[in-house]
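Two complexes are shown next, each including chain A; its partner changes from chain B in the first to chain C in the second.
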Partner chain A sequence: MKIQKISAALLLGALPLFSATTITVKGSDTMVIMAQRWAEAYMADHTDVVIQVTGGGSGTGISALINGATDICDASRPMKSSERESLKMRFSSLGVEVKSAKDGLSVYFNDANPVEGLTMAQLKDIYTGKIKNWKDVGGADAKIVVYGRENNSGTYVFFRDNVLKGEDYVSSMQSLPGTAAVVNAVAKDPLGIGYGGAAYGKGIKFAKINGIAPSAETVKDGTYPLTRYLYMYLRGRPTGEIKKYIDWILSPAGQAVVTKVGYFPVK
Partner chain B sequence: MKKRFRPGEFLIERSIQGVAFISLLFICLIFVFVFREAVPLFTGKADVVTAHEEVGAAETYGEDASAPLPQAQQELEQKHVPFRAAALTAKDWQPVSLEPKYGLWPLLVGSLKVTFIALLLAGPIGIFAALYTSTFAPKWAREGMKPVIEILAGFPSVVVGFFALVVLASILQNLFGFQYRLNAFTGGVAMALAVVPIVYTVSEDALAAVPKALTEASLALGATRWETALFIVLPAATPGIFAAMILGFGRAFGETMIVLMATGNAALLTPSLTDPVRTLSATIGAEMAEVVFGDIHYRVLFFIGALLFIISFSLNAIAEFFVRHRLMKRFKGA
Partner chain C sequence: MDRKLRILFAASMMLTAMVSAQDSVKVPLEEQISNVKGQIDGLNEDYLAAKATVDGLSKLKFGGYIQAQWQHTGDFGLVDSTSPADTVNNATFNGGGSPTVAGGNFPGQANQRFQIRRARLKATYSGLDSKYVLEIDALPSGISVKDIYVQLTEPWLKTFSLTMGNMDMPFGFEIGYSSGAMESPERSRLENNIFKGEKQLGAKIEVNPTEKMGLLQYINLKAGLYTGTEGGTGGTGDEVDRKLEFIGRAGFKAPFNDLGLDIDGGVSWLMGKTQTGSDSVFKMSGDTGFVPTTGNKPKWGEWKYFDRKAMGVDAQLYYDIPVIGGLSLRGEYVQGTEPGTAGSTNAYTNAGATDTVDATAGKMYIRKFSGFYVQWVQNLGPKLQSVLRFDQYDPNTDAKGTSIGDASISNHLTPGTKVLNLTDLKYTTLGLGLTYYWDANLKFLVYYDIPTNEKINSSTPTNTLAKKNALLPYTKDIDDNVLTVRMQVKF
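After this line comes the complex of A and B, so read on.
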């Protein structure tokens, strides 16, 4: 008797959970903190919607979108044409792209490093292994320890295409999973250099690129050379709860979250 | 007396038999699957790619057309290079490069470096700990130590890896002044934590199986306990200890989480033990989640998996041989 009552109560209690719409978001590690804040803020006002956010990397998110395993995919790089092709084959849609925020891809130095900035050419030479010593870019006479992201990351691909111009990363680059790991490594290594989103920045300093530091103004007007969009991808034009959620993200309320996390609004 | 047919018993017997065979079946299926995914690399079938046509851009939503990105954001496509098996012996591992390079040497050397360091540390520790508990330790120490070391074997490797990443790496760097915080040595030290229990348990079993008659004869002839342990018991158990080292090697070679977190994951081909390395297992761990299904990169990762499978399979077979044949024969003859 008692057990029946309890289970009935449990069932009733769980009902709202089942009736709620669940939206799954998966992808970029660069965007995962922002995506979580969006979800929390949105769910606080809309108790009938459950938003599940997971990271894993842009490539992982796009694969999940193509496999139908997620509703929304976060990506720190645009979808490649081969990926759009796969999506078209399975869902006869090229996908819908939403530019949800702007990011100044930052280059990190340890706080103790006297070097303030690099030119794009120097940055390329460091990451392709042509420059190996800090003294060549105005620092101490010591080896540069290069940190980067694992090759499933959108940031890895963006950096390769836009900084290295398609050349290979130096093979002594230590690949770390996630931007937080890169920041952590550079913060602990006085000779380290790393790259990642602007929002992660504890214990390290941001390098000036071509003399320009990443800031709200320089990213907004695009003078900072490593400005990029952060995207959300859908399989089709948004409808229902997903449309409401996307519209909210693009609204001033959603964009305020972007600024709070340390990225820059799209508009 | 004629045996009566009991249907209940028959059923139970058969189902237990079935369960035993299922695990065998699983191993075979995994084996077949891993190899089937890797084989097209060598038959040339992996090269069949659909011609890339221009598929057009994705639709956009909610965009403000008045604010285009001032800097053109580049997006480059990978070149399609026909795959040859010889590419696996190149010196670079750059699978996501515009011209992908699938050289396995740096990964193999990386795995061997970490395994070597782990065995160098874990071997003596495990063997001497086993010698202590099997010959010298008082009962309470023996009963306390064995379970504790065995708990270490069940310790989640991700925890060991995390510990190495956050704590151990800094300690070792300060101690030895390494250029790189995360390197093969740090990974090897962390790995030793995972290998000690295996070396310990297997050598302990071998040492404990040494016939009492040998020990007693040695003591009766006037040898001290130390002499007996080092010159009689230890040599008698050599095949078992050798097997322990081989199993330890297999464990270290296949372990993923610890090396993924503690070795720095740079595919370098250098002789130095204090450079960062990328191991075979960590490469699968880091890249498999992302890779395009059916791609060359995907097949190369499966090939690495098959390689690891063969290595661990043969190491286990060798270890089994040493324990079964050499060790047991020796004791029976004694």
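After this line comes the complex of A and C, so read on.
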């Protein structure tokens, strides 16, 4: 009898399954403008769908996905295996990864800086504090002012993993809350160096890395050393409105938005 | 904290600009700019100093959870005032409330209780290659230490790590699964007996290949040497003998992302020795009872070591069902040999015993055991999660239920004769529950445990009144089901 009662409770509990027309998107600040443009364009054609977009950083978005606080997580880095394990533990799901755009993670110089480019090794040495003066990389005899992102940023993690090879950032790096803030800081600081998404590189110049500048061609063919995907993560295989939205983002209409904001299509 | 510093910085800048504007009549512009620049440089230095402090503090993280619960159990243990001679459901005879692994036996004649099951506080400091962990369990009954360890991960491949301290035993799946994340209130009866407390003091090496290592990323290995459990306190006490215990697990992961499927699993071993100086060491003889060991048993004043060993296999399957949610199927089987006492299959903790034949405290009873669990967890959308679980634990695979309570083999007070008692009973437990996730921190769990004990032979009289009264309730399935209503906050 007791088993029957509890079985009935389990079935009743299963009935109020979610079916919302509101889609929440949270995560990468690098992707937040693109995500907003996607949402605006999609909602214009689908008036019965509300898409709420917020930033906060890739790490924040992934945490929200694991905690059930968002439907979609935008991330400018792949999920870590520990994060996948957390998702598996809470939702018994591996999560679904969608490559939504490509980006050439760019290194910014002030327009007045005579240096045109760096090697990957020089870039690493600057951000780990081994190189502190512009003259060591062909510039003026002046201190390098290092700008970067906060540690909840996917760009911060991508840069640390792929440029610093896991080493710590120099302690004097000024951590800023978004790529726009990094661009703004470097634009005003002749001695500054920063990094961020290609779409944000307005008012400053892009550094060549290993002699290659980030461009549609070099990002698309992968010759630019800091090419990366921009991801969307979901808890499970998408259905309903979320699936339609993801399908639209990967369609020519959605990928046109990618190009428009300054990133590169996945195909 | 960075944001606060920036706001403070901006406010200081504005104030500086206002003051400068008021003084502009008296002070030349170049001097004003120089002053402001100096102040900015000063603030910047303060900011960088504060940032270094904040960055250091950000490596220290605190987490924890509290599990508060109310439980209700069956009528086992209640005094029947209308029938005081009732030998089946009478606390006078069985001496207490329901025996259960769901939070410990019910005390006295209680059939319900409030309980703080766990209250954990964990501090983790993560350096570049090292980690420090301290976790305590603070309950009204006292504070105990769960984890204390340091861990080093080599910086080159980030694949090999060395952990030393008090940590989860690297055996199977369930031991290392966080109590705060568990879908059922407790681990299986097997784990609660053989790996009670889940922790041991020792050193462990882990091999976790990264995603950059190709196919190697799908395997993992962890193995260590531990103090053993003879010192008591669940393996976290001081060393008391000359033997270490080896515990290890070789595992694999097989994710099929496109299918929404993941299959993990592993094989585990425990190989240890348990010391005793008691000359009363018993092993099973056939299926009827224990007999004293011969040949290998210690003489008075010398130590002997007896095998404590286990082998286990575990598997977990995860599958994402569109619309409904992810499911997981988990199972684990363990068998082995465990030195215990007459009344407990928990690990033997009397390594220092030097009993002679007339004492009982240090008597060692060696049993072969086996057990398993299977569990189905089904997510129902983002808020609800159901669980169905079945587990079995046979603490003495050689013993038949019908042999327990048999007068001819049950007098353990006299060395040389045999004893089988309630400790040797096999249990199966069906459990089902539902969890509601209120938000990222809070969840509610309703869970119902239905244990079924092996039945003893009701027609066989016992030879002492005390034993008779303790055993007779087990001629049928005792009324010890447990309903648990739990509220957990995690941060």
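Here is the rule we go by: the second predicted complex is superposed on the first by the 247 of 267 C-alpha atoms of A that agree within 3 Å, B and C clash if a C-alpha of one lies under 4 Å from a C-alpha of the other, contacts with A are read in each partner's own complex, and residues count from 1 in each chain.
One rule holds in what follows: a residue touches a chain if its C-beta (ideal position, glycine included) is under 8 Å from a C-beta of that chain, and two chains touch if they have at least 3 such contacts.
Predicted model only: the values in this text are computed from it and were never measured.
Q: Look at A:N152 in the shared chain and tell me whether it touches chain B only, chain C only, both, or neither; answer first, second, both or neither.
A: Once the two structures are laid over each other on A, A:N152 reaches chain B alone.
Q: Just chain B (first), just chain C (second), both, or neither: which does A:F91 touch?
A: After superposing on A, A:F91 lies in contact with chain C but is clear of chain B.
Q: Of the partners chain B and chain C, which touch A:G56 in the superposed model: first, second, both, neither?
A: first
Q: When both complexes are superposed, which of chain B and chain C contacts more residues belonging to chain A?
A: In the superposed model, B touches more residues of chain A.
Q: If you stack the two complexes on chain A, which partner ends up touching A:T128: first (chain B), second (chain C), both, or neither?
A: After superposition on chain A, A:T128 lies in contact with neither partner.
Q: Under the stated touch criterion, which partner chain does A:A69 make contact with: chain B (first), chain C (second), both, or neither?
A: After superposition on chain A, A:A69 lies in contact with chain C alone.
Q: Report for A:Y233: first if it touches chain B alone, second if chain C alone, otherwise both or neither.
A: A:Y233 contacts chain B only, not chain C.
Q: Let me test your reading of the model: by the given contact rule, A:S81 touches which partner, first (chain B), second (chain C), both or neither?
A: both
Q: Output check: A:S171 vs chain B and chain C. Expected answer is one of first, second, both, neither. What do you get?
A: both
Q: Touching chain B and also chain C: which chain A residues?
A: 81, 88, 94, 96-97, 150-151, 166, 168, 171-172, 174-175, 177, 237
Q: Quick check on the complex: what are the chain A residues that touch chain C?
A: 2-3, 6-7, 9-10, 13-14, 16-18, 67-69, 81, 88-94, 96-97, 150-151, 166-168, 171-172, 174-175, 177, 235-237, 239-240
Q: Using the touch definition from the top, list the residues of chain A that touch chain B in their complex.
A: Those in contact with chain B are residues 56-57, 59-60, 63, 77-82, 84-85, 88, 94-99, 143, 145, 150-152, 156-158, 160-162, 165-166, 168-169, 171-177, 185, 188-189, 221-223, 225, 227-229, 233-234, 237-238, 246-247, 250, 266-267.
Q: Quick check on the complex: what are the chain B residues that touch chain A?
A: Of all residues in chain B, those touching chain A are 50, 52-64, 67, 69-71, 73-77, 92-99, 101, 106, 170, 179-182, 260, 264-269, 275-276, 278, 286-287, 289-292.
Q: Touching chain A in the complex: which residues of chain C?
A: 2-3, 47-48, 51-52, 55, 58, 128, 155, 158, 177-178, 181, 210-211, 255, 257, 260-262, 318-328, 377-384, 386, 432, 434, 436-437, 439-440, 446, 448, 450, 481
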